[in-house]
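Paired with chain B in one complex and with chain C in the other, chain A is shared by the two complexes that follow.
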Partner chain A sequence: MPRSAGTLLVLLALIVLWQGLHLLVGASSLASPVQTVTKLAALLATGEFWLNVSETMRAFVAAFAISLAGGITLGIVLGVRKLAGNVAEPILTTLYSIPKVVLYPLVLLCFGLGISAKIAFGVMHGLIPITLFSMNAIRQMKPVYRRTSQVMRLSPSQNAFTVIMPAILPEIISGVRLGFSLTLLGVLIGEMFASQRGLGFMLTSAINIGQIDTIMAIALLLTVFAVTCNTLMMRFDRRLTHR
Partner chain B sequence: MSEKWLRVAVVTAMILLVEALCRIDVIPRMVMIAPSDMVVELGKLLASGQFSADIQITFTNIAISTVLSVLLGFAAGVIIYSLPSLRDAIEPLLASYYAVPTFVFYPIFITLFGVGSASIIAIAVLLAVVSMITATLNGLDRIPRVLRKTGQIYRMSRVKTALLIELPAAMPYLFTGVKLAVAYSFIGVIASEFILSGAGVGYAIAYAYNLFENGHMYALMLLVLIVVTVVNTLLNIVDRRLQARRQR
Partner chain C sequence: MSAAASGAKIVPLAPQVAAAEAHARLRGVTRVFELPKSTLHALGPIDLDLAKGEFFSVVGPSGCGKSTLLDILAGLSEPQAGTAEFEGKPIRGVPDGVGVVFQEDASFPWLNVRDNVAFGLRRAGMDPAEITRRVDYAVGFMGLKDFAGSYPAQLSGGMRQRVCIARTLVLQPRLILLDEPFGALDQQTRLLMGDELLRLWRETSATVLLITHALDEAAMLSDRVGVMSTRPGTFIDFVETGWERDRDSRVVSTPHFGDITARLWEKLRIEALKIMSAGKA
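Showing the complex of A and B:
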């Protein structure tokens, strides 16, 4: 696989660049790759770190589940009802493009400090992209599929599971991929701004006491986690489209 | 056209509903002030000039980071496009780039550049530049081959081909990148100010939140929402023109 060899080479170059930058600005401003990995290993061995990880994960999983269920349902409804879809789409795209972080105080005032505010904020980020992608998936479904299923007199449930679902799945997965990353971002921003627990909280408290290696270890962990999940979803997507 | 009016009606109904809920105290004043009060507060705040320094800093930073991302992204896109082996290596990384929650790198920039405009612009550019790179690659890919061949027939120089054929042909796709760069710059700048900084609209909102100054807070929120909506609408109008040109 010469293709992935090239990617590895680029990654290697990035690590070399990182090391070079570390040597340039000094260890107090930027931890080296080795220091970061060692710190991450040390953090992973402590129980407290896992408490923060599980706090973030709980908020993230809940927010993602709500975005997923709500987004797909809403998207399908808006996709099937043409008028509702046409009316809602520009409103949704406008909502999607506003920096939702300015609304975080509102979320905090509604839900109070704690996990529910983080979940709500994650949902605010993740719900709309999943809705938009699901809606477009239904709208752009080839009419021939619908007609074929009518000709074959499929029952509504057969129609849903053997025709519509497989037809819209690849598009929905693209939306889910975007929703996944944005939900994670939302939960983390929520934790960075106001929270007592979680990885985002660890990040901001590490800035205040100047622990650059902790910051970089957490950033590395989150990057690896996000990229791994994204790659898995892309693989799944590719398998579906090449069926 | 009726869809447009229906949309206006839906949005107006929602605002009126919130207004009514605020007026009859179902939504307490501590949580949210009525939308009409927000407008009044915004008017007072803009007239007093209390936050004009913050507003200026934020929009300057957004402008700088948009320009930087567009220029850097375009340059990087052209370079990557002209080196196919580099492109093969980099493309999988670009595909998963937006999966990374970029804001976790903000603390690193703070230790590098300190709290201030430099780290805020850095994080906003980091967030925005990749969408411009992707858009540039996409645009260059989709230049119809016949256009370049025509250029060859006319024996146009490389520079002329680039300026008169390739750039206009790729423009609609490049503009998609510009649109995204603007949106990401807004998010990057305001969110960083919000999380940790000493000035700017995001900072002012966070500060007002901490002091329970709901009037200021909601007025500033409204300001951001209005500016973003207006900017997006303008960009979409230009975008629609460019897309129409593409289809011709």
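Showing the complex of A and C:
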């Protein structure tokens, strides 16, 4: 069976399950697939919805860019500096295990109610996983690659760009994929708790007035977005690494 | 291959080649590792002359400093005492003209076989036409022609090691250092890879230093075998095999091969026993 047929089958099964669950719990708790898609189409036709989408995207793109640049840089530095890495690893792991939402009031106090608080909260979720993955990518690189580049008498920049970078890339992409979903999660949670705009805000409002189809429509949109980006990153990884 | 055996001789502690001819020379080389709580005297003092075009193997018990010896010749590690020279010049950093094949699979998984083999030449900025010529030759020579577009993940361990050998071969090293290159392969593959290595050695007229823990490998491939003691590793015996240059793995069925292996094992057994009893104590 070809790959695409398998994907299609899983998708179909999910829709059937969704429909079944809808029939079981009733329309007031779970909108049907058809209702959701109809609602989403209606939302996409309004300008206000797009304002919210762009607000969320702005916060997300900024938070993801910071997590990406900061996480990879920090991770590589900690990977190269053994002592610093040994000190930082348990600290980062512990920090990451804190339920970050309890710190959100502090974030709000520091950054105010605007977009910067959402960005900061997104970074709090995404930065550490990307850092840890990048650090381990360097640490777990096969020592024989370093020796190989030495005996081939490569210059430091040749070593960095033609050996180290391709060698650590797969692990870094794994970290980036994880960081992507967590950053998105952070931004949305931020919007849900304290914001006047964005998809997270729309979700909270819909929950407050019981608009099940709106909640589902937003969830569907976010799912499609996240799955698409994840698939693209996986494709990129496979094309680059041949593993 | 019995012809080879007839002219063979076993010389006790073979004389060193005259100093002027030595391709690589170690004198009083000693390596000590500073550990947090102690110092580890890993190697030496070692005296060794490698004649130009010689196939020399090193056998020794595990942990005797064989790989440290290779690192010093490759310029990856500096001795605390003594001198190391290659082609009459002291070894500082990796010398030009030295190629190394490691035990671990060092092929790059992100490059296909051709690009792996061409890697060093491209970094050296060689003319593309010359790269193509050399890579075609090495890929063909190592029997990788049908796999030129494959990636290492699609190849067996033996094939990947061929890629690494080809990658070193294209650089046309005058001294090839091999650190247990077939250690991870099964016995049959190892014998066949040994044949490849002999073919390569004849073709390139390079000097070869092979580190191995397999006595049969050393006995079959080498002109001369050095036996090392337990740590700190020093040479306790040199055995000349007397094989013709045109030999292959079939020498293993000759009585002379048995003699060489027996001689090697006689020396090595004592050293291996020391390690075992030390482990028990």
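General remarks:
Quick note on the criterion: the second predicted complex is superposed on the first by the 236 of 243 C-alpha atoms of A that agree within 3 Å, B and C clash if a C-alpha of one lies under 4 Å from a C-alpha of the other, contacts with A are read in each partner's own complex, and residues count from 1 in each chain.
Following the convention adopted for this analysis, a residue touches a chain if its C-beta (ideal position, glycine included) is under 8 Å from a C-beta of that chain, and two chains touch if they have at least 3 such contacts.
The model shown is predicted, which means the values in this text are computed figures rather than measured ones.
When both complexes are superposed on chain A, chain B and chain C end up sitting side by side without clashing. Once the two complexes are laid over each other on the shared chain, residue contacts for A:L154 go to chain C alone; chain B is not touched.
When the two complexes are overlaid, the chain among chain B and chain C that reaches more residues of chain A is B. Contacts of A:R177 after superposition on the shared chain: chain B is touched, whereas chain C is not. Rounded to the nearest 10, the angle made at the CA centre of chain A by the CA centres of chain B and chain C in the overlaid structures is 90 degrees. In the superposition on chain A, contact is made by A:K142 with chain C only, not with chain B. Residue contacts after overlaying the shared chain place A:C110 against chain B, while chain C stays out of touching range. With both structures placed on the common chain, the touch criterion links A:L30 to chain B but leaves chain C unconnected.
When both complexes are overlaid on chain A, the residue A:L222 reaches chain B alone and has no touch with chain C. Superposition on the common chain A brings chain B within a closest Cα-Cα distance of 12 Å of chain C. Interface residues of chain A, counted against chain B in their complex, comprise 3-4, 6-7, 9-11, 25, 28-30, 83, 86-87, 90-91, 94, 97-99, 101-106, 108-110, 177-178, 180-181, 184-185, 188-189, 192-193, 200, 203-204, 206-207, 210, 212, 215-216, 218-219, 222-223, 226-227, 229-231, 234. Partner chain A is touched in their complex by these residues of chain C: 74, 76, 93-94, 96, 98-100, 102, 104-106, 108-112, 119-120, 123, 151, 153, 171. Interface of chain A with chain C (complex): residues 142-145, 147-148, 150-154, 158, 162-163, 166-167, 169, 240-243.
Touching chain A in their complex are the following residues of chain B: 3, 6-7, 10-11, 30-32, 85-86, 88-90, 92-93, 95-96, 98-108, 110-112, 183, 186-187, 190-191, 194-196, 201-202, 205-206, 208-209, 217, 220-221, 224-225, 228-229, 232.
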